[in-house]
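Structures incoming, each one as structure tokens.
Look for chain A in each of the two complexes below; its partner is chain B in the first and chain C in the second.
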Partner chain A sequence: MLHALANPSVLLAAEEGGGGVEFPPINLIVKWPHAFGEGQWYGFNKIALISLIAMIVPVLLFWLAGRKASLVPKGVQNVMESSIDFVEQQVVLPAIGPDGMRYLPMLISMFFFIWIGNLFEVIPTAHMPANARMANPLMLAIVAWVMFIGVGLKHHKLGYLKEALFPPGVPKALYILVTPIEFLSTFLIRPFSLAVRLFANMLAGHILLVTFSVLTITLVGASLLVIVGGLSFAMLVAFTGFEFMVAFLQAFIFSLLTAVYIGGALHPAH
Partner chain B sequence: MSALTNAAVDILAQAEGLGADDAKAVAGAQGAGMAYGLAAIGPGIGIGYLVGQAVQAMARQPESAGQVQTTMFLGIAFTEALALIGFVVFILLKFV
Partner chain C sequence: MLASLLVLAAEEDPAAINPVVPDEIGEIFWGALAFFTLWILMRYWLLPPLMKVREERRAKEIEDLEAAEAARTAAEQVRRDYDTTIAEARTRAAEVLEEARAAAEADRASKVAAAEAEVAAQRQEAMAELEAARAAAIDQMGGDVADLAVTAASKVVDAPLDVASHRGTVQNYVEGNR
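Up next is the complex of A and B:
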């Protein structure tokens, strides 16, 4: 880096095609042309298509599972019932408790929408996670934000705001310090970090896969570097598996955190 | 960019005979790499410590592994947010 600082033309020479890897600009890998309605509110591009699929697929799966529901589940019904069981056991019960079961439908829709949107990161010919554009995570975070404030206001009226901004057991003088911090962390940083966590994870994964793809193509094209290109391809395969896991983990963490925030609003005592 | 960085960019540009835009891009790229590298240190240590403790807890009490795992993922999510904000800063510095 010091060398580059002393002589920036080295960096620029590599950028101008002097044998360096030509990494595509960021707009090329996250921006998609519109199928129709360019610049209008009904503009429809790849992200919108993936979001639409992510919305329709869970509905279809649950409809198939519930169409001929039998006492002994098998096939699709078995898979969907175990997914409900998973969200119930891993998200709702630890984070909210037994009285949180009424939020299960919302959390499970959230989980499936995020998971299927994320899965398109590793599905061939799509290779674009819907949540790598800020609009999707932001919308979901706003839903979670409205949800937990709404739950707090509904169950504790204005007492919720008092509990959230003036936590009990703190010396009176410290409220000058505690209240602004609590306001920032609960009402501003929570939705922001919720959205940024999902967005940055998916974008980072997408850029990682693009980097190794570009590297593999460049190295295989270069005559002597085919062997190194094989290593790069192995990394690409490994990271595809890793991103397959991340897609699930981020959907799980997003719904878990939403459940934790709802639980905090429902039982503010702890 | 701050005034100090601007001055540094100007000096660099004059010394190398580069355009101000080129020198700015170089400075931006270096700042971006530095920002992400520094932002990754803390969360790296934090997540390592967190998962280590969680593994210890699970080894001591295998019957509470499920609960420990859920809490571990929550802790990772909160710790990781800092590194991810660093990554977003990287994107902003490098590409915007």
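Up next is the complex of A and C:
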């Protein structure tokens, strides 16, 4: 419901439908007006604002945690150290190993940036995950892509490309088939799939919540269908809870896959 | 599938955007600026104090564990020393007891020996006295018997007999039957 309230044009679209359920076009639920710089490279809209908040919140939290860090952690320090432990134990060490600790700052930044950007889907009055737009997922996927190729080339020089394109143990005749597949999957599809996985999940969740918001408003407005409207509202609440979980899960998956790709580049034999 | 649906939707409505294609360069710019700022701050400013305190905590844990291990070893040593001391004390107590027992035994033996010697001496003295009394009694009895025998013989023969002259004969007889 708040989705629709946050964007009056959604309600307008419903009303224009002559009393029936009229879902807003995709433009209305993902495109946001600019505060300044429309059409320019520095154009600042709601997504840009969420991106800045997704940067500022972890900076504040980690700053508060590290400001008076003590041997016995309390309060925010305890929480942030637990998050470091989580990324270290669940992402870095299983996917890369102990030598992956140098990538911890990047992976923690990635995790928090995505998670907080996603959480805006369920934050009242915001109701728009930054990653439901392709910009941030694409940018982060390019970062991951550059990182894992860079790590591979740094540690194994051109041997990395050889290992990646000509996997050992495969009969030489099959390289005609395997090498183009490996090239496509490793160097082209990986970043694309990484970006689309995050973007599509968040956009789908966003569309789902908008759909149930519009449905609830429309059904509650129609007197005979108030009960069905209540059911629709219950679904909206349930999917909001679900999206809360998806926000975390997608941040974790993106960070984990980035770590897996870096680990694969660091130890191509494995 | 979602992407293809969105593309189809975009094709149906020329005004609709294709959300798969990033159409706002500003979003990428601000997103990249925010992410790289976060990454740099995290790398050089935000994480180091927390990582440092984690390392210090780990070092402190190791130090505390080592101290606990040292304390445990020391306690173990104290316990061993205590056990040794107790064992030595018990041994010494047993020795002292044995020595006391031996001394008491020796003292008892010497006292018993002394008592026995004294008893033997007293007995010997008593025996000597008894022997002397017996001899005196026998002597006394020999004279009386001679007197009585001579008196009886004088009665038998109805004539007076000299007691003094026959006393020797009677006494010799008694002596011979002693």
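Keep this in mind: the second predicted complex is superposed on the first by the 251 of 270 C-alpha atoms of A that agree within 3 Å, B and C clash if a C-alpha of one lies under 4 Å from a C-alpha of the other, contacts with A are read in each partner's own complex, and residues count from 1 in each chain.
Everything below uses one rule, namely that a contact is a pair of C-beta atoms (placed from the backbone, for glycine too) under 8 Å apart; a residue touches a chain by one contact, two chains touch by 3 or more.
Keep in mind it's a predicted model, so treat the numbers as computed, not measured.
Once the two complexes are laid over each other on the shared chain, residue contacts for A:Q77 go to chain C alone; chain B is not touched. By the touch criterion defined above, A:F120 lies against neither chain B nor chain C after alignment on the C-alpha atoms of chain A. Residue contacts after overlaying the shared chain place A:Y160 against neither chain B nor chain C. Put simply, more of the residues of chain A are touched by C, taking chain B and chain C as the two choices.
By the touch criterion stated above, A:Y261 is placed in contact with neither chain B nor chain C.
When both complexes are overlaid on chain A, the residue A:F239 reaches neither chain B nor chain C.
When the shared chain is aligned, chain C comes close enough to touch A:S51, but chain B does not. Residue contacts after overlaying the shared chain place A:Y42 against chain C, while chain B stays out of touching range. Shared-chain residue A:F148: touches no atom of chain B or chain C.
Contact with neither chain B nor chain C is seen for A:F111 once the two complexes are overlaid on the shared chain.
In the superposition on chain A, chain A positions 25-26, 196, 199-200, 203-204 are in contact with chain B in one complex as well as with chain C in the other. The residues of chain A lying in touch with chain C in their complex are 25-27, 30-31, 34, 37, 40-45, 47-48, 51-52, 54-55, 58-59, 62-63, 65-67, 69-71, 73, 77, 80-81, 84, 104-106, 108-110, 112-113, 130, 132-136, 138-140, 143, 196, 199-200, 203-204. Residues of chain B that touch chain A in their complex: 12, 16, 18, 22-23, 26, 29-30, 33, 66-67, 70, 73-74, 76-78, 80-81, 84-85, 87-88, 91, 94-95. On the chain C side of its complex with chain A, the touching residues are 2-3, 6, 9-10, 13, 15-17, 19-22, 24-35, 37-39, 41-43, 46-54, 56-57, 60.
By the touch rule above, chain A contacts chain B in their complex via residues 1, 4-5, 7-9, 11-12, 25-26, 89-90, 94-95, 193, 196-197, 199-201, 203-204, 249, 252-253, 256-257, 260.
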